[in-house]
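The data blocks that follow each hold one structure.
Below are two complexes that have chain A in common, paired first with chain B and then with chain C.
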Partner chain A sequence: MIRILDRPLLHFGLAAATVLALPLLLRSGTLASEILIYALAVAACNLLLGYTGLLSFGQGIFFGLGSYVAGLLLLRTPLPVPAMLIVALLAGAATAAAVGWLSIRRQGVYFVMLTLAFSQMFYFLAYTFSGLTGGDNGLLDVPRPALAGVPLSDPWSYYAYVAVLFLGLFAALQRVALSTFGRTLLAIRDNEARARAIGFPVRAFKVAAFAISGAVTAVAGALHAMLIGVAPLSNIEYHTSETLLIMTIIGGSANLFASVLGAAAYLVAGDLLSAIWPRWLLLLGLILIVIALFLQRGLWGLIERATALVSRRPVSEDSAPDRPALPAEEPQP
Partner chain B sequence: MLHRRAFLTTTSLAAASLAAPGLLRGARAAETALVVGVPLPISGAFAANGKFAAMGAALAAEEAGAALGRKVVTRDIDTEGKPAPAARKVQEAMGEGTRLFAGGILSSEALVMGKEVAKGGGVFFTTAGADEITGQECNRGTFRWSVPTYGAIAQTVRPLIEQMPQAKRWYTITPQYVFGEGLLTAAKAVFQEKGIEHVGNSYHSLAEKEFSGYLTNAIAAKPDVLLILNFGSQSSDTLRQAVSFGLKKRMTIVLAWASGLEQFEALGPDLCEGVYFGAQYWHGVDAPLNKALVAKLRETRKMSPNYSFAASYLLTKLLIDAATKAGTTEGPAMIKALEGLTYAGLTGEEEIRAADHQVIKNYYLLKGKAKSAMADKDDFVDIVGSGKSFLTPEAAGCKMT
Partner chain C sequence: MSAPASTSRAPHADPLLATEALGVRYGSFVALKDVTLRVRANSVHAIIGPNGAGKTTLFHALTGRVRAATGRITLAGRDITRVPDDDRVRLGLARSFQVTSLFATLSVRENLRLAAQGRTPWQALAPWRGVTGGTTALATAEEMLERLDLTRVALRPAGEMSHGQQRRLEVGMAMAARPRVILLDEPTSGMGTDDIGTMTALIRDLGRDHTVLFIEHNMGIVMNISDTVTVMRAGEVLVEGEPSAVRDDPEVRRAYLGNMITGDLR
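Let's look at the complex of A and B:
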């Protein structure tokens, strides 16, 4: 029997509840949209970190790429938004597959260094080809066209659009994580040599994980460019990768909803604290230290502890995701 | 069961919606107050500039409130020095009714905010340096106080060539992005016009901190003048390393785009002595408004206004005055009140050019003085020259939208 907090349906329910709660809790539709957009990118990062055990500093590449695809296509072509998002998704998947294919040839610190190097390389490419990307000024005037006659210019109408995409992609990521493919990723994460010995094509699985993660991250980047009306150079820089990793760690890598928690906590805290205290990033450092030392399952771990206190059940100390339960393992009513 | 669920859902949502406004946001200024949004990098690498700029804006609001007998407040908005948070937070502020904005220190954030504010029917006044702000990317809602790259070069390079006719060989160090290219292009045009030999240029990246290689190249080219075209901490680092390499004794050093007092305080008088600086503002300028500001600050806060403080003070004051004159904060009336306005500014008489919303004001050539010659702790430089040099709106590429 699986614990109630490990049920995938609960995670999706919580994601849906977040979508409904944000308009009630926040005044700003822009901030609410940004939370969902980052939640998508963080969930994609979690697929690599939590499910595959790959600490990648390259996620900013795909986020920035998605932003540029959105900017270029919406500014220079008559392509509608859904078609643009599909192009962003494909571009993200292809680029991530290429970056992943080269990076996974090394493990540990060398893998991390390779993703860092790619991150810097793509940043300087974007910086150098300013005719295409706008260079340090970014691609300005990215429009937010109407969708089937419905204008998206109002922050809350755009939020509704982002929310639908968020739930769709979140469900898709969950499906991936719960599939045989996802369970194999967990096996690779736990013991790569054993997975290879059993006969799994480990490299292909890792590249596929990269591609899926890159595709979703690129869609998030495209939505972000439409949200703020610009595809800034900062979206493709190393700092974006770092921010996505920090959000993943704050939320916890135990499941995909933890990523939603991480994104929401980071953005809301930043929004509140930056206006009060200029050095609020110091607090962020402290929070990360506390999480690294005492709360390795992140904010999701806090929820688990609170639930355990109530139900008097032990909490797992493993920071990585538990093996997702198959539907067959669900308790019968 | 269904009824109970429905009841729980409804009551939970109702309770959350009632509690929500107070949960995440503090109460904003009263509806009757005149609010000026001040989007600045309050956190991050440019937080020091943001802090002084926020103080300057607050002083302008305080003075206006006392003079007008109504509540005038500034609303600090932390852009974190990045375009993405800047755009989002300005959108939020506009959603909550703010229409006037004075800020944007960095070009990338200012360009984005100008677009957002114009789209929402507000007015954005900035000090950011990118030529595009009142050039190719100009728009009806955006105004800019600082002199663009063309004027900065015209008021630093041109007078120095005239003062030092024997200095025929110039070397440049340029940051390789839009701002640096703008300064370099303007400098090359002046060199060509005046028959100056441009003996070399070193490009460096946005993230560069180590300039010794570029300085070695400069020494090898044996120039009479080293023209440094980067800004902020990069120009400070370049100057520090140039002085430690002994370049000050071998050639004249010019920083075309200095930050003024903040930068001189960080460098110290020994490094500044004998170096030429181009600057948008200096507290020693002989203009009535500037003198009044300097006197007030020295009396009340025991400090001299630096560029961030003074510029933000003036922008906020201009927006408040225009809103008072227009009787509204809405874009069209504000734009009408600001376009073509001539006023006694911090650099003397200043004018807001209607065609591109560029303020026509002086740019200054300063020269660092010896520590022994400083009259007080802030008296780092002498004003060597000043003047107004601007491209026409057409030449700058502005097609007002």
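Let's look at the complex of A and C:
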């Protein structure tokens, strides 16, 4: 029963290995940073989709919000970057708690519709209050101030900064996923009615999952604005929510590292293909169709199959597709 | 049957769980009407009646899954009619379901741990607390595995077990909450003969330190282990009394002859 691939320590090791491998494999420090930033947002999305079973189209709200917090605070206040990130984190958590609190009143299709509606609403809010957000243009010239005397203007030095934050937040998300809280989320995903019947206030758990997910997504959004030097309107657009969901599904929602895989695959493929063919998103459609039809556990599922082939042990067919399992359990004393 | 037992319980004459003229409506359909129920502490109380009599609806109302349209529910004298379902677990009400309702992809041990944790759910809201921190829930899960003879399959996903094992786990999850009143909705449904014997012994055993309210169609079990039997029909209580009295009640005989009371009641 104890499957090596389910061990959280392995997932963290793989995340750390990714951080070290990206500078060796990629020529662009900007692309490498982008991968880690999106990986954070996708892992946060996975906490909702894979762990709690909530298909939310609202993740772009928190990503865009984080970008605006970075733009506004770095342009208009002398606040240092770490303090700005904490503001983004808190703003993301608060907004996500509010959006979640209202959306989870309905289930299934209506929940999805509510998150879509919120996504549209926040987009038009950002578009309308152009004095604050820059409207269509976004907030331009977001600076990347030096950190304790170390300049972050070079792409690879910024990458190092992002990498440290990435590993810290990834470990924190893993901690959340393994906690009694995270395990209760799995129970809610599996059987919400029973979770309520055995005494769990399911709504509070869902709102908390939203808040944690929103907090991490907003930090990713802030880091993204610093990366590209703009807090663009497109970051809060519905399209961002969609992209984050697609990355989550490509990676597979079996565990948090699958999300890193999903973000990396999407962005690297986009980088390579867009150089060859501007209409590369058409290919993305094909890839998604293949995954939906044949590869429901995503790229991580592909790795599982490959290791099963190598070790000649079949992957358990019974495990539901595309769902995180508990980490391999040691026998209890 | 157990006449001396009922006198020895006289000091607990106040019911632990009671309803007063309880009514439940689904739209315009009256599912429960004027149900008055008295469940004594440390008794095994059976509810019987044909399909559609409102037995499961009564359980839904008692545990708070559906809201009472009229009347009130008290637990140890406290009015819980408006208390939400998850809070009722903390007050000591736990139930099992007629249709097995487990966390299918989670291990058997994890199912039981979650059920035990349900007594203190706000602790579980702390996203930094590891599972080993909640040792009481783990210890309870371990104890239940032992008691239900599921230790060997503790690590298997609940959805992959045999039907009999799943039914045992279903009841075990209600037990893991360490309730004062345990409500079992057809605990033996779909079980083979061997499993029924084990389950009957388990329910009887539970009656020693819990108050058990259970819905059952198997009259052998009902007559053997219950202290009190309530017969329901069309959303109302028809008769309530000791098993022997209920068995001989002419109205019960008239209502159910050839319908549900078979075998042991000849």
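The criterion applied here is as follows: the second predicted complex is superposed on the first by the 314 of 333 C-alpha atoms of A that agree within 3 Å, B and C clash if a C-alpha of one lies under 4 Å from a C-alpha of the other, contacts with A are read in each partner's own complex, and residues count from 1 in each chain.
One rule holds in what follows: contacts are C-beta pairs under 8 Å (C-beta built on N, C-alpha and C of every residue); 3 or more make two chains touch, one makes a residue touch a chain.
Please read all numbers here as calculations on a predicted model, not as lab measurements.
*Asks:* Is A:136 contacted by the first partner chain B, the second partner chain C, both or neither?
*Replies:* So A:136 only meets chain B here.
*Asks:* So, A:204: does it touch chain B (first), chain C (second), both, or neither?
*Replies:* A:204 sits against chain C, while chain B stays out of touch.
*Asks:* Identify the partner contact of A:176: answer first if only chain B is touched, second if only chain C is, both if each is, neither if none is.
*Replies:* second
*Asks:* By the touch definition at the top of the document, which applies to A:280: first (chain B), second (chain C), both, or neither?
*Replies:* first
*Asks:* For A:7, is the partner it touches chain B (first), chain C (second), both, or none of the two (neither)?
*Replies:* neither
*Asks:* Could you list which residues of chain A make contact with chain B in one structure and with chain C in the other?
*Replies:* Shared contact residues on chain A: none.
*Asks:* Along chain B, where are the residues that touch chain A in the complex?
*Replies:* Touching chain A from chain B are residues 13, 16-17, 20-21, 23-25, 42-44, 47, 50-51, 76-78, 80, 82-85, 87-89, 91-92, 95-96, 107-108, 111-112, 115-116, 119, 130, 132, 137, 177-179, 205-206.
*Asks:* Note which residues of chain A are touching chain C in the complex, please.
*Replies:* Within the complex, chain A contacts chain C at residues 1, 175-176, 178-184, 186-187, 190-191, 193-202, 204-205, 208, 212, 318-320, 323, 325-326, 329, 331-332.
*Asks:* Would you pull the chain A residues touching chain B in the complex into a rising list?
*Replies:* Touching chain B from chain A are residues 20-21, 24-31, 34, 124, 127, 130, 135-138, 140-141, 155, 224, 227-230, 232-235, 268, 270-272, 274-275, 277-281.
*Asks:* Which of the residues in chain C come into contact with chain A in the complex?
*Replies:* Going through chain C, the ones touching chain A are 63, 65, 85-86, 89-90, 94-95, 97, 101-107, 109-110, 114-115, 117-119, 121-131, 133-134, 138, 142, 155-157, 159-160, 173, 177.
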